[in-house]
Structures are given as C-alpha cells and as structure tokens.
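Each of the next two complexes has chain A plus one more chain, namely chain B in the first and chain C in the second.
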Partner chain A sequence: MREKATTLYIGPQHPGITGNMMVRVKVEGDTIVKATTEVGYLHRAFEKLIEQRNWLQSFTLLCRFCVPEPDPVEESYARAVEELEGREVPERAKYIRVMVLELARIASYMLWYGGQAGSLGLYTVGQWSVGDRNYILDLFEELTGGRVYHMYIWPGGVRRDMPEGFEEKVLKTMDYLEKRLDDYDDLMFENSIFKKRTKGIGIIDKAKAIEWGVVGPPLRGCGIKHDVRIDDPYEVYDKLDFVVPTHEGGDIWSRAQVRRQEIRQSIRIVRQVIDKIPGGDFYNKIPNPQKWALPKGDAYARTEAVRGEVGMYVSSDGGTHPRRAHFRGAAYVHAITLLEDLLVGENLADISAIMNSLGTCPPEIER
Partner chain B sequence: MSFFDLKGTLKPLTALKQFGKQPHTLKETPFVPREAADRYRGFHYNDLEECIGCGNCSTICQNQAIDMVPVEGIEGKKGDSGLRPRIDHGRCCWCGLCVEVCPTGSLSLTKDYVYVSDDADSFLWMPGVDNPEGKERKSFVSTEATSLNDFARIPMPELEGMERVKSFAEVVLGYNEEQARAEASRCISCGLCTEACPEHMHIPEYINAIARANDADAVRIIYDNNPLPEMCGKVCTRRCEEVCAIAHRGEPIAIRWLKRYATETVNNADLIKEIVNPEINAPNGFKVGIVGAGPSGLTAAYYLALRGFDCTIYEAHAKAGGMTMYGIPKYRFPEESLDKQIEYIQKIGVKIHFNTRVGKDISFKEIYEKYDAVFVGVGFPKPWTLGVEGEDLQGSIQAVNFLYEINNGKQVDIGDKVIVIGGGNVAIDAARVSRRLGADVTILYRRRVQDMPADWEEIEGAEEEGVHIVPQAIPIQFHGDDKGHVKAVEYLLAEMVPDERGRRPKPVAIEGSNKTIEATAVLGAIGQQGDYSFLEEEFAEKIRIERGRFVVNEFQQTTDPKIFAGGDAANRTADAISAIADGYRAVKGIEAMLVKEK
Partner chain C sequence: MKEIKKTVIEKITTHFKEVTAQQHDGNRVDFFIGKEEIPAILFFLKDEMGYNHLSHIACVDWLEEKEFEIVYIVWSYTDKIKIFVHTRVERENPVMDNVDMIWRQANTYEREMKEMYGIEFTGLEAPEEFLLEDWEGPPPMRRDFDTEAYAREKFWERPGREDARDVRETIIERTGEELPDFAKKYKR
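Then we have the complex of A and B:
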C-alpha cells in the first residue's frame, strides 16, 4: 500500500540545518519525494549596504558573509578593488594573505568535522574539532586582533604585520594539528557508522555537475579537478607546491574524503608560506578613506573558499562609494537548485548530512 | 564492505585514550582568566587629554556606533571641540576603523574580553571616562605606520632660496591640479579649522570640492564669506592650519595653498563673476560710507552691495587693498592678483573713490551726514618708534614706510648693510625685500627665534635667502657718521627670564654685553598704531577708543550706533582674515540696524 505523502518543515530553527534557512520536504514514509528550499530568514542586504559605505568601510561587513571562513570574501573584495584601482600589493602581504586563507580553511574544516559528524550522531568529533579550531583562532587573535571576524585582509595588503615569533607558533600549531588528523581519521573516517551513512548518499551526477555550476569539494568529489587556486592562481599560489585532491563517487563520502585530504594540503601550504615569506612592507597604504575615490570601471575577483569558488564584483562610477557590489557564493547553487534535486529519493534522516556535505551557507544566498 | 565492519567498529574506540584530558577550550576564559593577544580588538579606550574631539572616529564608523558628546570638565577651545566619543556597544562591530583613522592616536582598543554590568543602559559608555583603567590595557593602538591618515603634506613648489633674491618674482609657485587634489584628499573634514578661522570660512566644504575635482564649486563656497580669497590664499596667517587635526602627528593640510589653488583657477574679474554668479538684491535705498579700502572695508562693501546697499569707499591711496597692497611685498602677493579681486568687487557695484583722504579731501562729518551708516576700516598706519638715541639719523627708516615706497615702485637707498629691528611679519618682509635689493641683512630681535610672531614659513624663507637673525638683541643706540647718516647699531645681549605670572619669558638686557654692528640703513619694525586725526572733535568725544582701538560690540558697532569699525583699528589680532571677519560681522550689524529696524 502506498503511504500518504506528508509535508514537513525542517528549519529555520533546527539543529540539523546549517544556518537559518528552511527546507520544506514532502515525504512518503521517510523517503523524500519533493524538496523546496525556503530562504529569507537572514537577509541583511549586504550588497545594498556596501553601496552606502565608502570603499574601505565595507570590509567590516564582508566577513559577515560567512562566519566559519570569513577571509575569502575579504580577499575577493580586496583584490577586486585593487584591480580596479591598479594598486600594487607588497609581496609579503600576498604571502600573509595566503597563510590567513589557508588557516581559515583549516579552521573552517574543523567546524565542518563537527557539523558533518554531528549530523550523523557522532558528537565527540565536534567537541574535539571545535577545541582544536580554537588553536587557530588563537593564532588569528594574535595576528589580526579578532578571533572569528578578522577584518584583516583589506585593499592594499593586510592591516598589521605578523607579530614577533608568530611563525614559530604557526608551525607548532600545524605540527599539532597534523598529528590530530590521525585521531580524526580513527574516530570519523574509519568509523563504520560514518561509512554507512555517507557512502552512496546524496550523489551528484558527474555529467551534470559543471552544467549546474557546482564548485569546490562537491565538484572535486565527483572526480572533477577544479580549484581557483590552481586554475586561476591569485596572490602567490603559483609559487607554492600543493595538489588538489579529487575523489570519484559524488556522494557525501567522496566530498568528505576531498576535505579530509585538503586539510593536509593546507598545512603543507602554510609551512611553505612560513618558509618562503619575504621581508618588506605588509601594506600599500590607501589614501584618506573618506576621500578615496576609485576610477570608473568594474572588476571581479574570485577566490577558492571551503564551499568552493566565491567571487566579488565591484563597479565604480568614479566616486568614493561603490556603485554596485555583487557577491557570488557557492551556496547559491549548492543549497538551492542542487539541494532540491539531491534530496529527492533520499531518507529524511539524511537531510542534515547532505546539507553539511554541500557546505550550505545561507548568508551567501541572501546577500 | 562486509555487513560487519570490525575495523570500523574498533577504530573509534581509540578515542578513549583522550579520556580524562582537559579540553583546550576549558583552559580559557571565562573559567580561567586569560590574557588577550597584544593587538586584541576589545573595548575602546580614549586618552581624554590627547583627544581633540575631531569626530573622525564617528565619521568613519559605518555602524553609527559613535557619537560625540560633551564631557564634564572638558571645555572646547581652539583646536578642540570639547566633545568626546561615546560608543554604543550594541552597534559596534569591533573593527577598529575608528582607531585607524584617529589623527591624534588617542583612541585605542583594550585587551578586555568581557564587560559586565547590571545597568541596562551600559551599552552606551564613554571610553576613557567610564573605563579609566583601560589606559593600562591598551592593545589595538594607532601608530604612524598603521594610521590611515595621510600625515605628509604635498610639498609646495617654490623658487630656490638664492634664485629668489634676484627679483621680486613670486616665491611660491602654487600647486598644479594633481598636487591640489592629492593635498585636498588628506583632509578629514573635521571642521576644527572652521572654528579657528576668524571668518569661519567653510574650509572642509571647499577642500572637499577640490578633492572631488570641482574647482568652480570650491570658488563659490569660498566667496560665500570671503571676497578676497586669493589674497588669503597667498598671505593669510592661517590660524586654521595651527589647529588642523592632522598636525598632531603630521603636517597640517595646506589649507591656504588649496584656497590659493582654487582661486587661481579663475584668472580675471569677469570669470570670477561668472563662476560665483552672486545673487545681488535689488537696491534697498540705504547708503553706506566706508572709510578705507583695506580688507575689512572691502568685505563690508562687497557683502553690503550684495544685500542691496549702495556702498561707497573712500581710500586715501591710489589703489585699494590697504596693507595687503602697500605692506606685503610683491613676491608674496603680486599686484595683479589683488587687482582682479578689487575689480570684481567693483563689478558688483561697489564705488571706490581713490586718492581721497578722509579728514583732508573730505571731512568725516560729511560722510557721517551723507550716509545711513559708516564703516571705518582705517588700519594702523603709524609705526611705533624705538625711542633710542640716533633714531632720527638719515638711513633710519620705518619698515612700513620702506615697504610702501618699494610697493609703489619707488627707489629707496638702503646701501649694502641693512639692520632690521623686530620679529613680526613686517620685519621679515622688510628683510627679504632688502635682500632683493642686494643688501646683506641682519635682523635684531629681543626674544628668541621661536618667540617671533612672524609666520614660521616666512622666517624659514628669510633664512633660506641668506637673512641673518640675531636673537636676544636689544638695540640701545644708533651711531651716525659725520654727515648725519646712520653707520652702526649698538645693542645689548639679553637673557630670557621666566615670567612670574606664567606669561612668555621676558628678555632682560645683560649689562656690559654691548655689541656694535655696522649698518647703512636701519629698518624699524616693532609695530604700528592707529591714527584717528581724521575724526572731528565731536566724534572723537562720542566714539570710545581704548588702547588705540575702537571699542566695538559683537557687530563691530562703535559707541556711536551709526558708526561701525573693523580691521586693525578694532581688533587685536591684526591680520587680514580678522579684518575680513570684522567686515562681515559689520554687514550683519548694519543690515540689522537699518533694514530690520525698518
């Protein structure tokens, strides 16, 4: 006998939902037959606010696009503005930026550990990883003055130089984290529950992935090698030696494997940065921010974030404020069109695991 | 994968090795006090003494979290608004931009993670007032290396020192467009300058217009309350720059040079009229007579004319401008620059009777009776004398008279060794002019160089041109040769004695320290005084004059309600911009008296 379909509203206040959004699912038994995403709980009009601020002021807003990993947005905006103005960035600043971006990637994956494992009931992982993430936040506090919202990468370079002895602290933290990764492997990736709940779940069709605009770990989890850091290198990524991991399969497991390996690559990059970073200036100072006008034109800069490619488009009419700013976030594709498609046929209990595996981030949708 | 995954079941159990270990997060605040990083962006702290209340923190704050409010015990003064920032911590996002743009570096963020209070209004508090202990906990601070203020001024192109003394060519060459835009862009629009300017010119506004590449707008804004801006752009004493917020850690914005740049973009009177395009009221039937075409008289005339008054100026000399025409040397303020401004004022409808000395060519009484109101801006034409022996020798000349003759195109024989006595702008002008006439010049000044009332740029300029300054030198006698011509100046060295009442130290002559210096001419420049001999007795009795100046109210009105006075003869600051301010105030007074009464 065919069961009667029921509509359930998951979110916006639900511990399994990443951020404030809702998924309306029609289920038959516990199988999803239709999924509709509902956003609008988090709209803060970022793009409109950027227009009302001068070219510098909005850097404090950009980090609010993504709490776990604020830096790629700051980076995209800074590079777009620099391109528009033709402002040079000192080499040292470029290295520091790469280090910050990679540290943010690790910190963000640490949080993802907790979210992905937690969505499957493996709560210990999250308790460990949030604690380990704190070591990186300590580094951020020392470098930028802020633990979560760094507001550190801005047009022209970075806000402050590395404090004395910072390199050693970074290397020490990297050594510690690298050792800890084995513990996470044992606890999470080798865990039979994790395997069972992720393999073959939430499969993205490799043939359609590019057409849909899937990026980041979800795309690489389909076996497609795509990473802005390699395809269109910015800052000093072309001078660093690292690989972009891919994994065939397209399911949650594959995406998790990609991330699992990426952390090791990030640690590798951070060590290279510390090794290669040159001396010199960390900042090519902008003029008085109140009167800083950018030439007419527009620019787009893209950066690889943990969710995939993010980009910032800015347009200037020659004034002290942006005429228009637009942010492209991976979640717009992942958490709406892709999610609605992936959920069909899946089990109700896997919604949270699938959302976590896609790196859903509602502020990227509601800009 | 087999149905039962033995490895996958056992591996997670290795987590037990962590059993009993305290997590990293538990070692931290709030359970255990933890010292924040050295540049942690915590709560604000403001050094109240260093802060000047410029409000740049409030301007830059994108969350409108900062407003500027008065604080008990802090009075506003020149260069300090008397206000201090108050932070709404419900709005603050701890970005620290306020710190980065603070021109004095008084604002900083502290190492404090938490602030606990049972007061529901405690979101709003004043850094430095409500958390004096923050001084010891400063972390995110502003340094000159990280500050977003532009501390370095765009250098003004000038003629080289020894090149200058060859002619009377203008020394300052002026900014080009690119330099002016860059210099204007340094301004943070705090407006402390407006407060310090005697005329309260709209400085941030016109600088902003220049930064936005809208020079015509700048000119219009400038002419709103100053009809002689090119003169001010060249020779103003610029009290505005003294209080510039940027000057606390850098060089002040070149406000004077920016005004000069803007006004020089309009190079003739017709163009000024076209750009300023002033609204001229229909004649209101009132007539105002003005004595003296100096800055105060011209200002009064210009703004009265715009308001529909019929204005007539009586000027003793052949040209208008007063001291700015006859006292300021042409290498600082070329004649054509003044001429175009006077021509513009005449185009507005102001009538000027040149070569008409009141008291000689026309009586003051006649003017008084003929006009509905009279403005007196006669300046300080009479120089003070030193009162030393030999002052009446040939070759002992008053510096103002000397400058008058030179500016009039006359020759003055000063020989090749000139001694200038005094430390004000007139002394420096006389010295630099003498250099241009080929003389070796020595300035004798009774106090120290840093006490000289002259503009420091003028002092520097004089030194660059080879003027020798002898400070702490008090002249006691001029020696003459047998033809009755001065040949040497004898002076005593002085020591600086601290003043008991806290005023500036006094020079006291050291007995027996006599020195003599050769001279072919001595130029005295120790100040001027008023000459009110043109006033008939009945007016001299009616108008109160104290310490050589007219006593006036806030509208420059003298004790005779129909007579207004301004400029050196009414104010103590004795500079052109104060004179312009007097003229402008008098306009309001005259208008209030005549029009509003009606």
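Then we have the complex of A and C:
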C-alpha cells in the first residue's frame, strides 16, 4: 500500500533552519518526495536603499547582507568601486584585508561547526566553537571597533591601521585555535553519530556541479578544485602560499572535511600575512564622499566567502550615488535550486544537516 | 591572457554578426548584443567555449533612456576570463527570453527580475511568488518607484504617536545647532 503524502512546513521559525526561510516539503512517511524553498521573510530592500545613498554610505547596509561573515561583501563592493574608479590600494591595506577576510572565514567556520553539529544533536561542539569564535571577535573589536559588523574594508584601503601589538595578539589566537582544532576533530569528526549521519547524505552530482552553479566548499567537496582565491586572485592571494583542499564524495561528510582542512589553511594564511606585511600607507584617501562621483560604467568583483563565490555588481551613471548595486550570494543558488534538488529522496530528519552543509544564509538571498 | 581574450572576441564576432565587443583591463571581456540573440550567445558560450559557470545576472534600470539593461556574467574555469553579455530591453512591456534551460539557477534570477522590475520572461516556469507576497503595487526596484511615498500612502502612523518627530529636530531644538546642508534634503 502506498503511503499518503503529507505536506510539512519547516520554518520560517525553526531551530534547524539557518535563518528566516521556509522549506515546504512533501513527505511520504519519512522520505521527502518534493521540496520547495520559500523566501520573503526578511527582505529589507537593501539594494533599493543603496541606490538612494552615496557610494560610501552603503557600507552600513552591506555588512548586514550576511550576518555570520560580513567582510567578503564589504570587500567585493569596495573592490568593484575601486575598479570602476581606477583607484589604487596601498599594499599594506591589501594585506590587512586578506587578514580580515581569513579571520572572518575562521570565525564563520566556528559558527558552522556549531550549526552542523547541532543539526545532528551534538550540542557540545557548538558551545565550544562559539566560545572560541569570541576570541576572533575580540580581535575584530580591537581592530575595527565592532565585533560582528565591521565596516572596516572600504574603497581605497581599510578604515584604520592595526593597533600597536596587534600582530602578537593575532598570532597568539592562531596558536590557540590550531591546538583547539585537534579537540574538534576528536569531538566531532571521530564521533560515530556524526559519521553515520553525514556519509552518503545529500550527495551532489559531480558531473553536474559546475553547471548547477555549485561553488565553494560544496564544489570542493565533490573533488573539484576551484576557488576564487586561486582562479581569479584578488588582493594579495597570489603572493601567499596555501592549499585548496578537496574531498571526493559530494556528501555532507566531504563538505565537512573540506571545511575542516580550510580552517588550517586560513590560519596558515594569517601567519604569512603577519610575516610579510609591509609598512606604509593603509588608505588612499577618497574625496569628500558627498561630492564623490564615479565615472560611468560597471564592475563586478568576486570574493571567496565560506559559502562560496560571492560577487558584487555595481553600475554607475557618473553620479554620486550608485545606479545599481546587485549582490550575488552563494546561497542564492545553493539554497534554492540546489537544495530543492538535494532534499528529494532524503530523510525528513536530515533537512537541517543538509542546509547547514551548504552554508545556507537567507539574508543573502533576499538582501 | 591577451591571446585568450583575442580568440574569444574573434570567435564571438564571427558567429554573431550584430555584436559589439569591448576589451577591459584584466580578465574581462564585454559583449553588447540585441535581446533576441541572448539565448543563442549564452548557449554558444556555454557549450562551445566552456563558459559553463553562470556567475551573475544583473538588471539596471536606465529610466531616462526608457530601457532596462540586463547583464549576464559568465566565467570559464579553464580560460579564467569573465564575460559580460549586455543587452537592452524597452521599459514599456519588457519581454525577454528565459535562459533557465541553459542554467537552471537562472530561474531564480529571472523570478526576482520579474517581481522587482516587471520584466516578463517567456516560458519561465515560476508559478509562485518569490520575494514579494500579495504585492499589488508597481515593481519596487524600478527607479520611478518611491519607497517612502508608497509607505506613507499604504501604511498609517500608530495612534498615540502623532507627536513623534525626527530626532534631528529635537537635537536642533536642544542645542540650537544648524542642520548641515547635506542632511537638509532628508528632512521631513
């Protein structure tokens, strides 16, 4: 006898959903036969508001595009504006930007540790990792003045130089975190529940991955080695030595393995930045922002965030305000067309584990 | 890099007659083409030339020129070049061909453009609303849509808050300071 299909609404307020969105699933027993992503719960018309502000004022909105990792959005916008204007960025600022981006990557992965493990019922991991993330937020507070939203990377460089003795603090935090990663390996990756619930779940088809627009750790979790930092190097990534980890399989386990190795690479990059950072200016001053008109044209800058490639398209009509600023988030593809496809045939209980493994970030979809 | 850019431009200009190419610094090439040719050029870029990653689709409202500009940005993992394909569509009753049979994620972009700019995509399978629910107003991302005027017309002040006012007015009253020139246009 065929079981009767039932429609369930997961979200928009649900502990397993990463933010305010809903997945409407049709289930037969415990198996999902159809999934639809429903968004629209937190649209804040940021892109409309940006059009009504001058080029610099948008930064208060940009960092709110994605709460766990706001820096790549700021960086891509700043770089697109610089490309449009042809503004040079001092070398020191580029190094500081890379350091901020990598620290943000580690902080965001720490949050992901908690989300991914929490979605499988392993709550201790989240309590540890959110505590450890605070050490990075402390660094951000000292450097930028803000713990979560920084508004630190801006056109022409960064907002202020590193405070005295900051390098030592960064290195000390990196040493601490590197030791901590072994504890996470024992607690999470050696855990048999984690292995059982992630291996073979939510498999992305390797042959279709690029065509489907999969980017970032989900793509590298299919064994495909693509990373914007290597393919289309920005800032000073071409001068730094790091490995882009990949893992065969395409399931949640592979994506987790990629992220696990990427944290170590990020620590490696931060150490190199501290080692190689040159002196000099950190900011190529822009004119009065109220009168700062950019030449007519458009630009698109891509940055590798934890969720994958993010990009910012800006268009200028030659005025003091952007004609259009359009953000491309990785979740825009991952959480809609890809997620709807991946969920079919999976167990109802795996929805939040799959969502977390894709790094779904609803504010990035709606903006 | 220069060699690859040259080959790309040559290939596209020989296959498509009505196309204008433009070179940029770095790894960027721009093509300007009529809207009827969009599915063909994107198919060609993806299947024949390996530009298989759809990075972005952006829409810009050029209100004064009575046109929308739609920009498709594609990336090749082998050539390591990003190609911008620009097209223009009239603002009155805009209709475009949909391209979600080439990249299915284009469907999401097109659904958003349909709601936010009112562009119709022929053959687009999007029965459901995307971001806007029960929206009856004009497409909100169009330049002539005034967010504040719409909000004032649609919503009303909460009773008991009639005396609520701009915080800057209070500051001016208390300190006797002048409002800076640039802030005056934001004054209620």
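Assume the second predicted complex is superposed on the first by the 367 of 367 C-alpha atoms of A that agree within 3 Å, B and C clash if a C-alpha of one lies under 4 Å from a C-alpha of the other, contacts with A are read in each partner's own complex, and residues count from 1 in each chain.
The criterion applied here is as follows: a contact is a pair of C-beta atoms (placed from the backbone, for glycine too) under 8 Å apart; a residue touches a chain by one contact, two chains touch by 3 or more.
Being a predicted model, the structure only gives us computed values, none of them experimental.
After superposition onto chain A, partners chain B and chain C are found to clash with each other. After overlaying the two complexes on the shared chain, residue contacts for A:Leu61 are found with chain B alone; chain C is out of touch.
When the two complexes are overlaid on their common chain A, residue A:Leu187 makes contact with chain B while staying clear of chain C. In the superposed model, A:Gln290 makes contact with both chain B and chain C. Contact with neither chain B nor chain C is seen for A:Thr7 once the two complexes are overlaid on the shared chain. Once the two complexes are overlaid on the shared chain, A:Ile210 sits against chain C while remaining clear of chain B. Annotation for chain A, partner touching more residues between chain B and chain C: B. In the superposed pair of complexes, A:Tyr300 makes contact with chain C only, with no contact to chain B.
Within chain A, the residues touching chain B in one complex and chain C in the other are 290.
Of all the residues in chain A, the ones that touch chain B in their complex are 53, 56-61, 122, 124, 127-128, 130-132, 134-135, 138, 141-142, 144-146, 149, 151, 159-160, 163, 183, 186-188, 190-196, 199, 283, 285-293.
Touching chain C in their complex are the following residues of chain A: 36, 38-40, 43, 45, 47-49, 51-52, 210-213, 226, 231-232, 290, 298, 300, 302, 309, 311, 313, 315, 317, 323-324, 326, 328, 332-333, 336-338, 366.
Listed in rising order, the residues of chain C touching chain A in the complex are 27, 52-56, 58-62, 69, 71, 73, 75, 77, 80, 82, 84, 103-105, 107-109, 128-133, 140-141, 143, 147, 182. The touching residues of chain B, when paired with chain A in their complex, are 1, 5, 7-9, 11-12, 14-15, 18, 23-25, 28, 36-41, 59-60, 62, 93-97, 100-101, 109, 139-140, 146, 148-150, 182, 184-189, 208, 211-212.
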